[in-house]
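Can you read through this structure? Questions will come right after.
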Amino acid sequence: MNLPAAEWYDLRDLNGISRLITEWVADWGPDWLASILTGVIGALGVLAIIGPTLLILIWLERKVIARMQARIGPNRVGPVGLLQPVADAVKLILKEELAPRAADKWVFFLPPVLIFVPAILIWGVLPFGPNMSVADLEMGVLFLVAISGVNVLVVFMAGWAQNNKYALFGAMRVIAMSISYEIPVVLSLLALVFFTGTLSVNGIVLWQQANDVVLFLIFPMSALMFLFGSTAELNRTPADISEAESEIVAGYHTEYSGMRFGLFYAVELANTLAISAFFATFFLGGWWLWGLDQWVPSWLILLAKTGLMYFVFIWLRGTLPRLRLDQLMSFCWKFFVPVGLVFLAVAATQRTLLIELGWDPAVALPIYAVINWGIAGAGVAIYARTAASPAQRLPSRPVMARGRLGGLRAARELADAGSGD
Amino acid sequence: MSDVGFHLAFWSLSALTIGGALMIIVSRNLIHAVIFLILSFIGVAGLFITLSADFLALVQILVYVGAIAVLMLFAILLTPRAARDNEESLMRYPAMILMGLVIAAGVFVALETDWGPMREGAIGTQAKIIGESLINQYVLPFEIGAVMLTAALVGAIALARQDDEDLPIHTASLIEEGVLPPPDGDAADAPAGPGDDS
Amino acid sequence: MTSGTPTGVTPGAAEGGFGPNEPVVVNLGPQHPSTHGVFRLKATLDGERVIDADMIIGYLHRSMEKLAEERTFTQNIPFTDRIDYLAAMSNNLAYCLAVEKLCGIEVPPRAQAIRILFAELQRLASHAMANGTFANDCGAWQTPLFHMFRERERILDMFEMTCGARLTTNYMRIGGVAFDLPPELLPALRSFLDDLPGKIEEYRDLLLGNEILVARSRDVGVIDAEGAVNASLAGPVLRATGVPWDIRKADPYSGYEAFDFDIPVGRNGDCYDRFLVRMEEVRQSVQILEQLIDNIPGGAWLAELPLHLRPPEGEAYARVESPRGELGFYVVSDGGPTPYRFHCRAPSLINLTALREMTIGGTLADAIVTLGSIDIVVGEIDR
Amino acid sequence: MTISLEEYLIVGAILFAIGLYIALSKRNAIGVLMGVELMLNAVNLTLVAFSRFTDTGVALSTQVFVVFIIAVAAAEVAVGLALAMVVYRNRQTVSLDRINLLRW
Amino acid sequence: MTSILDATALADRLGAACPGAVAAVAPGELRLHREHLIDAVRFLRDDPESDLVFLSGLTAVDRETHFDVVVHLQSLDHNHLLTVKVEADHDEPVVPSLTALYRGAHLQEREVFDLMGIRFEGHPDLRRMFLWDGFPGYPLRKDFLGMPGQLKAGLPGFPHESGDNAWPVPGTGPRPGGAPIVPGGSP
């Protein structure tokens, strides 16, 4: 559904502003200036959205986690602590920036800057509205996957250059994990691409709009894979092993101090926000919400869904312990990859049936949803039964000595009695 | 896109590509060399975009930057005792002559050949065309490519896998000492070392 | 032992030396987020696997055993607070028991009951800390710790209203306790005891039912019963291997024989069992406190003692079940006003005997979890 | 004047030559692999340039060819690096000068 | 309730199994000769009647003429306790190590070595534990203040202060057995 070029003050289609500007520039200037201007406007727009959002989200994350931890959270700077992120940023900027003497200077200085490149680029293909994305690429999904792969390299550079073992551990872990978890993420997106028949991010939203359904209902397993794979790529719990603070201090950014650390931190949050937005776009309908987008600015709908997903990420972080590297790996390769392949086949089959047999989507999609939820549930159940180690199913109560006391002999008696229970 | 923007893009990307490649020769550190290689790859991806081959540009970034470069970094880190420098052997001078010859020949051929009629416009929806030709016209090479990738995967795993006798030297000595359980044994059954505390 | 293994190869990471054939030595500590104090674990790694572990301690050494020889028996009580600053009451109690044994002092029944009350409250507080930090070491981002701190806070408040201090209480005295219970303590304790069982069930649901926590701690840092007894482990670490040994039952002091409680033991001596045993011990402590709260006898809370205590020549070894295990004080007197020798059998230190065996062969992450599950207090290790 | 096929071909030729030089002159096996990758990239660039300027566009045959080259390059790098690892494990070096023994 | 072992009866059986090991008997306490320490303690550990499998504590007391190494042995199954004492010379204190029998003795022997200066023969890893390697003397000895560092009682001065009371600066002190610190020698 293409809205007509609206008035510039109509918030439903911010694209109108940039269109006005480019048309105005095209009147007098060369067209390459116009394309550069649109690019700049798009980048500024993205920054204008994620910058303030980030500040609010830092506050939100601290506040929500504080509530989960039976604390109050920041409440001193500004009303209800809202200015706390600003104070943090100021503090970080004022701090001394140290570099280890043995660090590889250039490779050490570059990553905090470079890591912003994929973090900003990734927003380029996100549709904030029907025609509201910086670049509505024909291959937006592929772009997303390719760009998020670059992140790994920057993190590796950061981890390697510090000449710090914790950092190198973090770098090695992040590479191993990101490479592994890219596969489930790609598989989950591929299932969507197969099913909707488009590589464009906006195309997937439009498909959901045309069929009046969110893809989360049809592909729950893909959603789970995307969510969990993203936590692994974003280094958030339960997969934050690359900066596991109790093991390797801060992982790949151990030696970064001051605002350099602040940049890593900001990018981590920005990436989380971006992945939340992409999850909302792929699986929750993006800017579309059953016709509500006619009345409310579409980017507000997207932001609301993004906030919901961001809350899920905060929730995960506040509640879950961390998995070990080998456990994460085996979970990826033994569960996600096979299940992802199964769902790839399922998506392809269902798409073919839908097109070849000409079924009515209104009838077919609910059936598909039921089937896919069934397969996903069965997969999870089978994995939980077979792959989980038998030790994990031991009872979660200790043996009670019941008056026995003593050393090895009593221990043996207790064990015998306990095994008889 | 107009000429100016196009020229700007082409020349800067060419400089990036070739400069990155030259820096691989110059840089003394293997890890720096890989980083410059990545720069070169990204330049090539940009050149692909100027050739309106968007799909290939993304595949280039995905495969070369995201996978091959990372594999190389991994391999460098996993061969720690090997020399880290990126030195050149005595083949340098013949290779340099050969490089000059190849450049000369390439430039000569490029400039002197009549390439026939040039097509002006770019082709859209490349992903669709490439995808369809892959499963229609080129389905056999496609399948062979898939089999080859699988074979390479299996082969690489088989090559790089460590056998038990390849365990690091002092892991083996610790197993002998009884501190470590044997590779297939149960950790709880390992006999305790004589002084197991510190 | 460590000198026999080739741990000398510690190449700088960027220079070389990180791979399947190279040992990498990683220092966990003295400043590290997971060491619970200034404790240093030098782990030699093969990839992610720990192939050797050496601990380096003494950063917090204050030579209390020497200092105590210069102070009178009563003046030494504050030192015991600082030995294990997370279980000051237990340490006070153990030292006072040792001196009382040396002098043959009878403690009034009210003082005995108060001592048990505070020892058990201290156990609750210490186990809350131990379980919270253990979950932290497993990577739970502070949440369980802060929830446990919520309960610990109420206990510390009770300490404060009784003796004015929260951590280093200095509350027990030779022959009794320093102050009588304040009138507001028992209502506070009662409301605390009313809330706690529900909270414990909540923690059980949240933590023990958590697949990730189970996966992280099951079959990690295993030690069997024979090894544990041979290595003199004590407390929850020993009981997790299945040995039902608790000083409160085996060698009852201060009137513990009158209380009905049970010893929880584990099955396979892994980190999860240690965690489980501590969780269950919290419930048993609540049970003891519930029996105690209505039956605190009246009377004096401090025995009549000479102002300048000069125990007869001799020696005494008294021990209690501190939250970390068998905490013993060995006091030798030469008849003078100060101890001739003052020695503390520190469970935190001795429980570390098996650390190397438990961590070798696991991954680095396992080593952290194992260290967390032993529940060390560096003040007690170094003294 | 627009950028035409020739410019791309020249860039491709230079890139190929540099790759060739690296592949021939570097001591380190991983360095040699880098050279090979550069050469493959140069070929890809040339092919894409031909595709842009001369392909009929019906099946985009040259671009499909590039896809195959990229697949082969990925496989080649995986196997090549695995080989380097094996050599390293047995000989503690990846320097090609030192890998002159025909058995190990 | 933990019972105290009848040391007299135990000494008789120990004397039969390991003649000449017992030096003196007191209630709940055996004083052993250090030449027979290992054999005697092994007997006490393995004998099913005494079954002293748990080394509860190991420490030492400086008696000025000699050192008493005090070992508290415990049976978990029988729930009884025995104190074993061994004498060591004051000038050249050497005692056989119990680590081969009880791994629990490992850290405690290191601690005693560190603070008391008693060498445990056969200990696999006898290093200083709390104090740094160059620390002069052994602080828990009664004559510590008269030991090589020539430290005086009372509050010590800071390293930069000259005078007899200056603490040795870490790393500049002599190795144990080496030359004494020169009084007043500041870095």
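Labels A, B, C, D and E are assigned to the chains in the order they are written; within every chain, residues are numbered from 1.
We adopt the following convention: a contact is a pair of C-beta atoms (placed from the backbone, for glycine too) under 8 Å apart; a residue touches a chain by one contact, two chains touch by 3 or more.
The shown structure was predicted, so the numbers you read here are calculated from the model rather than taken from an experiment.
Seen from the Cα centre of subunit C, the chain whose own Cα centre is farthest off is D. The greatest centre-to-centre gap from subunit B, using C-alpha centroids, is found for E.
We define each chain's centre as the mean of its Cα atoms; on that basis subunit D and subunit E are separated by 70 Å.
Each chain gets a centre from the mean of its Cα atoms; for subunit C and subunit D, those two points are 62 Å apart. Annotation: 24 Å between the Cα-based centres of subunit C and subunit E. Averaged C-alpha coordinates give centres for subunit B and subunit C that are 54 Å from one another. Residue numbers of subunit E whose C-beta contacts span two or more other chains: 53-54, 76, 79, 103, 106-107, 124-125. Counting partners per residue, subunit D has 89 as the residues that reach two or more other chains. For subunit A, the set of residues that touch two or more other chains comprises 104, 160, 168, 172, 405-408, 410. Here subunit E touches subunit A in the complex through residues 51, 53-54, 75-79, going by the rule given at the top. In the complex of the two chains, the subunit E residues touching subunit C come out as 1-2, 53-57, 59, 61-62, 70, 72, 76, 79, 83, 102-108, 111, 115, 124-125, 129-132, 139-140, 144.
Interface residues of subunit C facing subunit E in the complex, by the touch rule stated above, are 1-3, 57-58, 61, 63, 65-66, 227, 229-233, 243, 245, 250-252, 257, 315, 317, 319, 326, 328, 330, 332, 340-341, 343, 345, 349-350, 352-354, 382.
Note for the complex: subunit A touches subunit C at residues 65, 68-71, 102-104, 160-169, 172, 237-238, 240-241, 244-249, 317-327, 388-389, 391-392, 394, 396-408, 410-411, 414-415, 418. Contact residues on subunit B toward subunit D in their complex (touch as defined above): 3, 6-7, 10, 14, 17-18, 21-22, 24-25, 30, 33-34, 37, 40-41, 44, 47-48, 50-53, 55-56, 59-60, 63-64, 67-68, 71-72, 74-76, 78-79, 81-83, 85-89, 91-92, 94-96, 98-100, 102-103, 105-107, 109-111, 115-119, 122-123, 126, 129-130, 132-134, 137-138, 141, 145, 148-149, 151-153, 155-157, 159-160, 162, 166.
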